[in-house]
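In what comes next, chain A is part of two complexes: it sits with chain B in the first one and with chain C in the second one.
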Partner chain A sequence: MEFLLNFVERTGAKAVGWWGATFGVLAFLAEVLSTLARPATWNRATLDTIVKQIYFTAVQILHVYLIYVLAISWVIITITLSTARNVGLFDAAAEMIIRVLLLELLPFLTALLIALRSGSAINTEVALMKVNNELDALSHCKVEPMQFEFLPRIAGGVVSVIGLTVLGSVLTLLLAYLAIYGLSATGLSAFSTTISSVFSLPVLFGLAVKCIFFGLAVTTLPMAAGLETPKKLFMVPVSVLRGMMRVFLALVLIEVLSLALKYI
Partner chain B sequence: MFKNLHLKVGLFVIAVLALALAFLVYVLHARGFFEQRLHLQLAAASAEGISPGMPLTFSGMPIGQVTSVNLNEAGGIVIKAEVSKSGARWLRTDSSFNLDKPLVGGAKIKISSPDLSSPQLPDNSTVLLLVSDPTQEIPLLIERVKNILANVEHITRQDGELNGTLANAKTITARMSGKYGVLEGVLGSEENARPVVNSLKNLEGLTAKLNEVSAKVDAMLAKTDRWLFAADGVSEQSKQALVQVRAMLADAQGSLKRVDELLKNAVAISADVKDGTQDLAKLRTDIDDSVRKANDLLNDINRMWPFGGDADMKLP
Partner chain C sequence: METLPADQAAVVSPDLPLRANQSARENIALIPLYQKHFDAEEASRQARTLLEQLGFASIGDKRDPDMKPAERFVAKLARALILRRSRLIIERPGAMLYDIPYPAFLRELAARYDGAPATWEVFDFDWNRPLY
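Moving on, here comes the complex of A and B:
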């Protein structure tokens, strides 16, 4: 009886904790959106910071990202084509490649890359700022952390996920065309038909929305986790761990939801 | 460290925007957004296996797709399809629409236009969709194969017709290997075959005699042939005589012509008598010659032609 009671109690505590965290994240997101909507936010200083964030998040890793996309796309395209040829479904190979790589895999992998590289950095930075009372100091000096620290990072993250996904997708499309038809323009109309049959307008819209959510997840969640950090230095790694775990869960959730909406 | 930061970010953002926009325009173009489309209604008994987005192909090239499949008020099937304007020029009033459901791979509607000189299919027209589904034919096929297998089994059973036939064939081939070979096999036994073989032997003697007779007839014919058509035979001689006759007649004609000319000369010119007498002398010799030749000819003819009663040739 005692054990059962304990179990229920622990479950309750966990649920409350989860709810608190979710609420914290949602409240933070609401604050971000309200800051976005405020005209005063959009001044030269904010824009400059956003540009810097885009540079750090996307442009700095562009060549690494493109090589990484090239490798993974080439491997998956080759495997798909040879398998399709073996089972006599070569006609469906192009569609399969586009659906798997462009619609699902590339946005997900891009978001993961940015979460690993920038998300973790953001989480640590915010947690350290919190522990060192820097955020309070900034507020005290009339430098709104939300406007000059958080919002530019979020905007940079969203733009980076979308931008890198677009560039990677174009590269993958080129690679797929070359793998299927080689260096000739003969397959252009058939390839266009396949692309057009996959990318209906709702699908394109869904893809854009998914990328935006990915971008929000990889920046907002680490930030919220950082802000939650108790003012003790040894809690910083715990905060990063929690933040990255949440990012991963959120990415999977967004992916699963988007798939469910599309195919169910 | 962050040299040209703004330039790099600007390039990145512009590249992404340009590519995204270009891709959007490309997809819209590929989906025929900027192109007029031909609308079709397909009439079918059942919508089984037909779904929106299913491609319409002409000669294997996709030119359109099914846009919606619905039931109408009367419970009938309404299948709507769109074809791009560039693809619509292959659609004719006598084009046939076939639902092709392969065992493996996606179903599609195949369009074939047997006569490209027929009038074009107008917009919003209704066409019949023919359904050929190999999977539905499989049970029928299996039923027929089963029947065939049952028949084969019946024929090849232990006491069946096939076994009987094979036994008979064995007996016949055994007889064929006997003294009189195939004949014995056909006639049943050695006794039956013997008279046939004997009569065949008689026939042999008969043909030998016939051979002799025909040899004699042959010799006779050869002799006749030689007399009639040999190099110095009757036929050859008369041919030569005729040639000579023709030559002589030509000579005679020439001489008479000259006589004619001379007479004219004699009448017209009396002055040169010396010449005239010389000519006359020549003419006389000519005529003499001609008459002699004619005489020779007649002699020749008389000798060669077997008109005379004293022919010295006898039939063999």
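Moving on, here comes the complex of A and C:
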């Protein structure tokens, strides 16, 4: 009986904890959206900070990202082409590459890279700001942390995920063309027909929405986790751990939902 | 101490730190930038002028961890002064200026500064009264 009571108590506490965390994230997201909608938010200072964040999140890692995309794309394109040749589906190889790499793998890996590099940094920074009272100091000075610290990072994250995915996709398309047709221009017509048949308007819209959700996940979840940190320095690593776990789960959830909507 | 509405008093306190990843000048310039909507260059100029007036122009590019206690205090003070509130409260200066004779240092800074508010209110522990 005591075992059962403990089990119910533990499960209840976990459920309440999850609900509290989910509610916290949703409330934070609602605040972000309401700040976004306020015209007063969009002043020169906010835009400057957003540009700075895009630089830190996307431009600084551009060369690393492109090498990473080059390596992954090259391996996947080679595997796809050789498999397609073996099973007699070489004509469908270009479409397979576009569907697997451009629509699914690249956006996911881009979001994962930004989560690991910038998401973890955002989580740590917000947690430290909370612990050191820096957020209170900004509020005392009537510099809203949401406008100065949070919103630019979120906007920067979303723009970076979209921007890097687009760049990576262009590079992958180029690589795929070279792998299939070589340096000859004879395949241009067939290749562009394949691209346009895959990238219909609903697919493009779905991809954009997925990238926006990825961008929101890799920025808002670490921030919300940072803001939940109790004012104790030793809780900062715990906050980063929780935040990054939530980011990973959210990325997988977004990817699975997008696949389910598309193919099931 | 009574609680004051945030827009009446500017507080310099050990509990209100500088933004750690920004320089002293950037911390001060945040106020004209976000509150008065000056452009970045003008906000930075105002911050630099204030630091020069307080005699600490050299700390402009330093970040919080690189500053000595007196420099950190001056950056916090400048951030409070640029708020242009009707009252300036310095809370527990001994906790921020632990390595210098701070009453004399505060008088020196107050003498250099000629803007508003003209009176600075210092809240300190009672046992530090003989220092003043």
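A few notes on this one:
Simple rule for what comes next: the second predicted complex is superposed on the first by the 264 of 264 C-alpha atoms of A that agree within 3 Å, B and C clash if a C-alpha of one lies under 4 Å from a C-alpha of the other, contacts with A are read in each partner's own complex, and residues count from 1 in each chain.
The definition used in the following text is that a contact is a pair of C-beta atoms (placed from the backbone, for glycine too) under 8 Å apart; a residue touches a chain by one contact, two chains touch by 3 or more.
This one's a predicted model, so the numbers in the text were calculated from it and none came from an experiment.
Overlaying the two complexes via chain A leaves chain B and chain C side by side, clear of any clash.
In the superposition on chain A, A:Ala179 contacts neither chain B nor chain C. Residue contacts after overlaying the shared chain place A:Gln147 against chain C, while chain B stays out of touching range.
Contacts of A:Glu134 after superposition: chain C is touched, whereas chain B is not reached. Legend: residue contacts after superposition of the two complexes on their common chain; A:Ala45 is shown touching chain C, with no touch to chain B.
When the two complexes are overlaid on their common chain A, residue A:Val238 makes contact with neither chain B nor chain C. Contacts of A:Val100 after superposition on the shared chain: neither chain B nor chain C is touched. In the superposed three-chain arrangement, the CA centre of chain A forms the vertex of an angle with the CA centres of chain B and chain C, and that angle is 150 degrees when rounded to a multiple of 10.
The wider contact with chain A, measured as residues touched, comes from B rather than the other of chain B and chain C. Minimum Cα-Cα distance between chain B and chain C in the superposed model: 13 Å. No residue of chain A lies in contact with both chain B in one complex and chain C in the other.
Touching chain A in their complex are the following residues of chain B: 2, 5-6, 8-9, 12-13, 15-16, 19-20, 23-24, 26-27, 29-32, 53, 55, 61-62, 65, 104-106.
Of all residues in chain A, those touching chain B in their complex are 51-52, 54-55, 58-59, 62, 87-89, 91-92, 159, 162-163, 166-167, 169-170, 189-190, 192-193, 195-197, 199-200, 204. Against chain C, in their complex, chain A makes its touches with residues 43-45, 48, 125, 128-129, 132-134, 136-144, 147-148. Within the complex formed with chain A, the residues of chain C that make contact are 6-7, 11, 15-21, 30-31, 33-35, 37, 39-40, 79, 83.
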